[in-house]
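Some structures are shown below for you to check.
Below are two complexes that have chain A in common, paired first with chain B and then with chain C.
Right, the complex of A and B next:
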């Protein structure tokens, strides 16, 4: 499993348990994320605390899953991005489509305002 | 690039499991050559991102056994070249354009849109019938949130945005593809 999940105040915190988020695991990651969405989880927070780098394949899986989440009236946020990954989100302008928070507390608070 | 350039040549076996070791080894070369540069951390980060995307592109689309990388570290710039004999860069049909083959016909000129979404577009300027220069355009965002059109492919755009120059050249005589990335330090 790539995602280790727990629920807090109605929000699923999905910790990504890999250091190298690349094409090798992009499909599996997407499948696990889609499973969460299909289970009807309305608020999903992806925790990047363990991730050192992300490639375009992994970003593609995230975007694809986000589209599914939006179609299911769910929302998805990301937390604990390191500097390089945050730069990559800004570069690809994914900072405009994903809600980015520094930590879990802020992400959970924001999710419960929806 | 100045005359004082150090070159390293490495072969990548296009095995996804060897991606990270290759990136680490290659970025170490630049770290050693550029030791003392105050921007070293930022440069290394850029090198890793560019390499990641070039390698991923090889694994996903190249369908070849090996890619050869030339790394050039100069005083004021870095060049990364990727050579292979895989499939030529595919210019698929897009919007009103039909798929194109190499070398490009003389009637095809100017710039081609490779892909785009609500946020940005990746374009290629045809510099000759066998060469392209990639560039990007960020669009003014008119809508975001609940409804948007966003691409799921970012690799070439990432490389293009991180570099001063990102080009592709196909040699029809040898079947060689060359991607070349240059960025100023």
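Right, the complex of A and C next:
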């Protein structure tokens, strides 16, 4: 399993348990994420604390899962991005696509406002 | 040598001494080994990294070597990794069962290490040859069908010198695409895109995107629409409604060069900032587009910039392969490293050729971890 999940205040915190998020793992990651979405989980927070590098295939999986989440009326946020990854999100405007929060507390608070 | 250049081996054996001996011997020969003292741990390691070859013991508690192999055979991403049984068993019936499971070979643990190394090297060489042959065949079919995601040369325009460089990931055709659409004598559309993903999947979809882009550019121009933001908007809407492309995302930088006005109209979709060198004050800045990746939302927030360049000014469009690096600590993304390294070459005579000869680009060709593409535009005097 790539995602280690737990539920807090109605929000699923899914910790990505890999250091290098790349093409090889993108499909498996998407499958696990879609399983969560299909289970009807409305608020999903992806925790990047372990991730040091993300390639474009993995970002592609994230975005297509987000599209699926939106279609299912779910929302998805990301937390604990390292500086390089946050820069990449800003450079490619993915900061406008995903809700980015510094930590779990902020993400859970924001999710419960929806 | 970086880990990325070394062939990797997954060693699976419940005997720690065997693991250690094999690791040391194979590491000395230039292989990078990952060790697992059980098949289950091996399966976990495979979730994080795919090795070039797997060497596994047969007799192990919990899950033996055959069961491990059977497990891998059920997984399409793992079944093709060459698998060798490393065992002290010599029973021919066991060996026969192993071959049924498409184990490529057996190596007895008593085999001298140099022989083990040469067996592995030969096997990897054979696999690599087969691989190259397949790529060659596919590439020749693509060529026969005239499928190109990168043109052979850039057009020559009055007042603008255009150059480009493209290096596919590990020499596989990939997701980056480049095009120069000479719409009419006045307008030429410069395209640089990157379909997310690598290798054949991304390469295949790059044609779908390119077809839409070419069609949208032509249709817009027929209707008198030369705004790059409006063209991107149209492409995005088409992509959003195409079920085949529904899960495929692409970046796009689009520049419409107007040779009559000597101006460039630029809009981008999730693309990296364009480097802008101004000759007048020798400054190097970036131009950031506002649009989202193609195919995310109906409203991609595309806006455009019209650039009035002066003679000697230069623009560089790049894809993300240029900003990904690998060092001993692992992989990182760093946008600034490229301008910081080659920025001093902008503004010099034949700057593009100099950049191409710079160690940054030479190293990118060798150690790259994704498709790499650059389009370079220099404004020239028209007098």
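As a convention for this text, the second predicted complex is superposed on the first by the 114 of 114 C-alpha atoms of A that agree within 3 Å, B and C clash if a C-alpha of one lies under 4 Å from a C-alpha of the other, contacts with A are read in each partner's own complex, and residues count from 1 in each chain.
The rule is short, and it goes like this: a contact is a pair of C-beta atoms (placed from the backbone, for glycine too) under 8 Å apart; a residue touches a chain by one contact, two chains touch by 3 or more.
Because the structure is a prediction, the values reported are computed rather than measured.
With the C-alpha superposition on chain A as described, chain C and chain B clash in the combined arrangement.
Legend: residue contacts after superposition of the two complexes on their common chain; A:92 is shown touching both chain B and chain C. Of the two partner chains, neither chain B nor chain C is touched by A:8.
Using the contact criterion defined above for the overlaid structures, shared-chain residue A:20 touches chain B and also reaches chain C. A count of residues in chain A touched by chain B and by chain C gives the higher number to C. Of the two partner chains, both chain B and chain C are touched by A:56.
By the touch criterion defined above, A:28 reaches chain C but does not reach chain B.
Residues common to the contacts of chain A with chain B and with chain C across the two structures: 20, 22-24, 53, 55-57, 59-60, 63-64, 67, 84, 87-88, 91-94, 96-97. In the complex of the two chains, the chain B residues touching chain A come out as 16-17, 19-20, 45, 48-49, 52-53, 56, 59-60, 119-120, 138, 141, 144, 146, 148, 150-155, 157-158, 161-162. Of all the residues in chain A, the ones that touch chain B in their complex are 20, 22-24, 53, 55-57, 59-61, 63-64, 67, 70, 83-84, 87-88, 91-94, 96-97. Contact residues of chain C toward chain A in the complex are 47-50, 77, 175, 194, 196-198, 202, 246-249, 251, 270-273, 290-293, 296-297, 301, 320, 324, 330-335, 369-370. Interface residues of chain A facing chain C in the complex, by the touch rule stated above, are 2, 18-20, 22-28, 52-57, 59-60, 63-64, 66-67, 84-85, 87-88, 91-94, 96-97.
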